[in-house]
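Okay, structure first, notes after.
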């Protein structure tokens, strides 16, 4: 085999984030080998993202049982990080089609031992859906907002809350949605301040941003 | 001089829209000549759009007095079309920076003898501004919505009204706003149905769309 | 299952448009479940758009029989809205390749109880095809124009009619057509006024715009 | 001075096109020096394109008198090529705003000793303007079509003529016109065959294409 | 079936180009029906372009035998147009990978009864390949040049010939080639005059441009 | 005057952010009027952003004296918000050319009463510059990173810190930098997690994101 | 068969690079025929790039045995060029996902008889990985750097070495990575001098650039 | 003043390249201060790039006399680096309009004490211009090629030489040239191997790449 990976188990100390493996684009035998190796490694927590269900299911049942796997979020993790991060994150999404991103964020926060709650289907085409959950959402420390198409949810929410918003544009939509580019631009052009965005469909990245923020500002407890 | 213009005074009969001259990009002496010629022509209504105030002011006072001119909207017209179109148009804008487009739409509707009213500064970063005017806006037949940046106003309004919305994206904003392209894409990607858009900064075009719609659906009276 | 949908049956009162479900991108089991649930719900009219024939055919014959389904337009609806909207819509398309959009618009208008007629294959490469139908087209209240490639049909028609045009660019074409972006830009850049556009391939959106316009300007009858 | 130009007086033999100097972007003293040098050179015909009137007027009257200069077309040439090319070219433009390109094409054909005629202001927003000149236009061997915005004129004309069309998109228009890119894409996406395009605003290039075509297919006479 | 096509058999008289059917994007049963209908129609010449071999082979042998079919060029035609066009066309391509476009052009010219010859694999990475065929190429009336990637072949050839060049960019290449957009832009930006371009991969369009040019400038014979 | 602005003094309660006026694109007389009005208003804190020094200097000295103005950051504010936000922000910039953005962020944090410190000229072309300040930077709660060109500073810093990073791409650079789009894309594509970005040159937005985060996670003191 | 290829065995003398066949996009029977022909030709070294393993495996075992084939790098070569080039190349990659490009470069250098070594997984999210190999990397004459996403590795390395860097952007990444365009732009916008880039995923091109450089600057030995 | 610059005089040891100051975008007083400071510093060689002649001329004559300044190349340097780099660089440009880039490369090499020669106006529209200088160009170790528009010069040269080519696209051209993007893409898509490119108009970067290459591969002498 022509390759070798430099694992970075010191990363947790340096950046606060444990090793995570992005499975997409890696050849299937390599991913399976990694899944097996880490299943036997009980010392380090590990998470796989963008892990296709069809690949995961090729793993033997014993190995599968070592992981918490979610087919919609395409994530598998062996065990959570030991320390519990203070603070709570609301994940607000525009529609159920955005679910693959919404739940990647949720699952990543679970793995990172951050308390969070999901509020799905709050898109502004029916404003009442957002408004009836607003006071609840406002009780969280950080809001992750997941939206595709024109992502107007972010602008509206930013004008209604004093909480920071991490926007995750999704690739949901067609034509001028341009694979999420319009949602991303809308979030960045948002006229209400207090919004920052991550890459398209990057629920994992939004969760890490929320985690690092809470770790830095609110600390953790063993 | 190397050029000649084919005026199209039969256009009103054919398309319902009288002759309009787009002044931008035309050489100044030609525009001045046209302004003078039409000032003397009392038979046909005429409107100039994108007419720079500095050019208009180079006209002699007698000629200036023949026109209704607005420096913000950059429009001049000699007299309105004789028939009165039935129905009314609300023009809702996100911010005062969008004024040059908002008032181009308003002035065009005035010229075309369509009743309209402007509701400025209703951007969704302060949702209450839109909500307190909503029932009033809902009393109009057609809504023109003018917004730059991420244009979330259009999405929110479309979810709150049963009236058709003609969206006008503006070039207001910087960076990812891309001269209005993001606002345009947001309007077209809008998840709430009942929206159609015109070119960036094209307040004139939105007014014509509203005018043709009312003329066709509600008729006119002399 | 990680998700729940907030149905919005109050939408008809608020926006005039009943619940519509966009099936593309939703996982197949979810779509089938929704199709079955709504087949049993006789109270609310429902339409599914972008519904793949292969998914629809996986439904049991009893459930299939509850819907009017069209494979080209990829739409299924259970029953039409009860009120009849006044006014009529012409749907003019450039070519038969645009059919999947043309008929999505037609079917949506059927569902919304708006009278409409389709004029296919009127592209300007053979101008006589448009001209021989022009007086007929001009008898409608609103014109929806469906065209891909360079979409010149919209410009020509806008110069020949006093009716408002809702343009629907299609993704038909290759190379510089850029998946419909050139057709869209052409419609928005159209030098003849009285045109507004919706997203690429969005026949549904054009129909909703026409419906809201007629509902607002011409009213409805039970 | 850090530069030297390799003049290519053998080019006429090789490619049929005499030396032409593109003045834009060249520093003013260099352009003036070239204008003076060639004014004294009576042997070789020379043309300057994109030559700013303000630069040309800085030339002394004696030197100016050696050139035929046109301020709109921004071209100056000393004398025409000696041979007369057979065949005739129609130059059809959409609007007078396109004049700077239209007349660059016309002037280049004059310089190259090709007979041509200009038909301005034939945009399809008023289809009758094109139709009343159609039989005249059809009597030419090649048609150059100059149009900005959505350039629908090219598509319509291509469906009405058996003559080849060389399309010149112009940068006229704003917003989605994108400096001529939309006009260019429209021409290339044109559904009627028999059209080829040159670069945006490149009236000179279209004229050269017509010239080379006539020279090759119809020959020349001294 | 929801559709009907307006055939345009008068097109030959009007534009000189007989009916051609673009098969891509049309549903398979429709294409097969058209192939069968036209196989029985001996009066009108017909050509199908972008016709997938797998579709053509689903036709019964009797029907197949009525057509001249080429799998690389994806074209089928029943019989050529009756008149013989004067003049000859050289088709020069950069590489064999461009063959699907090169031979679409060749086959279209065959159908249109224009004499032509193909010069393949003349890309400038080996300049001698072009140079050794140059005098031969220069003996033709019009040159169609087919090239992908950076399409430098067009620039070099334009500087070496007095013949007009119709450039066809191809989608060959990866990364910055952007599906042919770079080749197209290179052709249009070509510093040597006498080049005009058609859409990416549009060998058919280039052939029609050449055909209309020869028909107009050199005429035809029965 | 054709316009009126809806001031939103309730915004502080709702979103935590006091009224801020974006001066760019507003006509000069309007900006001057606003500056004078707010200079007399001692009740509400106000900040003007993108305020051109040449406009500010047209204000009378008495009015000027009411503001803290910074010409590089183009910001003026009358007085700070009364409450003191807990926590501290590091602002790390790649080069001094990014100063207009770096100091817009710094000044906004000053206005919002957040403690912050600027670390300029830490671009990774000289990695030691970043490394020698790293432990200092790591002592802050949140890091704002300002960088143009390829913005590699963000990636490197994200791999070296456990603090959350708010990235601000700048329009510094030419050619492929595309006015900041490349810096923005680099930040969003950053392979190290814990980064979120705001619009190009939006130092103000980054500061507001940091402010809302600290307000939510660490609270404030009168 | 409609095609013929002009082999260019004189290329080695002219450009120093032997014949290489780019297999992607060529029809499978043609590629197999070429593989068989060259297997029998022992005189000329030949390399195939972008050769799909599934195609190669369709070759008979005897023919397969004539080639050195690598499935990840998708390259096959028959024998190396006879002369040995002086100097050594380091190939540094950001991650193992970039392996298909990294090893295309490595394999091309092997074929061209240039000594090289691969340093994988040195992305800057863990800076120590690069730093611990830096002195080793600095002992090579030329550095090829392979990176996708935001490609910050190139900027960091360029600030730490006096060796020239040839950057190869890869298509690894999603969303704003835009198929490698962001990595490419980052490399070209790199603020540290001494970097030049090749096309996205073009490991072959980078190897040829390194080879030509060493051949020219350090020579070769039989 | 709100800023301070971290000078990096250790850079020469680390990267081989001495301090260079990019003047564009820096405020004039800062640039003048730096020019004065370095004029007095005789220890370190310094070069300013993108230094506007109008700024330089505002310097007092005494300070001006300390620099070698070139107005076309917009560069000033105080003294050359002490060591002499082995090897020679040919700088080949397509046209005199590219001179501002060509001479920036030449001047940078002069400053870095690398022997070089400029071959201007070798664009392929007149292939003989390149061919008559080819054997001379081939005698250099590295070729820098400067070209705008479609940059075909690079492709042609790469097929004719065994020397490595560093391509510098320029922003010369209009329309589809897109400010140099088409030239850049053409260079990167070049079908002949042995080419790598730098940013648009970056003559400085190309010179640094050549310098680092020669320093690494051929060494230097005091």
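So that you can tell them apart, the chains are marked A, B, C, D, E, F, G and H in the order they are listed, and the count of residues begins at 1 in each.
By our rule, a residue touches a chain if its C-beta (ideal position, glycine included) is under 8 Å from a C-beta of that chain, and two chains touch if they have at least 3 such contacts.
For each chain, UniProt lists the protein as follows: A, B, C, D, E, F, G, H = Circadian phase modifier CpmA.
What you are looking at is a predicted structure, and each value in this text was computed from that prediction instead of being measured.
Visitor: Sort out for me whether B-C or E-G is joined by the greater number of C-beta contact pairs.
Guide: By the number of C-beta pairs in contact, the winner is B-C.
Visitor: Matching D-E on over half of contact pairs, by residue number: which of A-C, C-E or B-C?
Guide: Matching pair: B-C.
Visitor: So how far apart, in whole Å, are chain C and chain G when each is placed at the average of its C-alpha atoms?
Guide: Centres of chain C and chain G (C-alpha means) sit 50 Å apart.
Visitor: Can you compute the centre-to-centre distance for chain A and chain H, using the mean CA position of each chain? Integer Å is fine.
Guide: For chain A versus chain H, the centre distance works out to 45 Å.
Visitor: Show the residues in chain F shared as contacts by 2 or more other chains, in ascending order.
Guide: Touching at least two other chains: 14, 126, 158-160, 175-177, 184, 188-189, 192, 199, 202.
Visitor: Which chain F residues qualify as touching chain G in the complex?
Guide: Those residues of chain F that touch chain G are 94-95, 123-127, 149-152, 154-156, 158-160, 173, 175-178, 182-192.
Visitor: In the complex of these two chains, what residues of chain G are touching chain E?
Guide: 2-6, 8, 10-11, 22, 24-26, 30, 169, 171, 179-181, 184, 199-202
Visitor: Where on chain F does chain H make contact in their complex?
Guide: These residues of chain F touch chain H: 70, 72-73, 96-97, 99, 103, 120-122, 126, 128-129, 172, 174-177.
Visitor: Show me the residue ranges of chain C that touch chain B in the complex, using the header's touch definition.
Guide: Residues of chain C touching chain B: 14-17, 20, 87, 141-142, 158-164, 166-167, 184, 188-189, 192-199, 202, 204-206, 208-209, 211-218.
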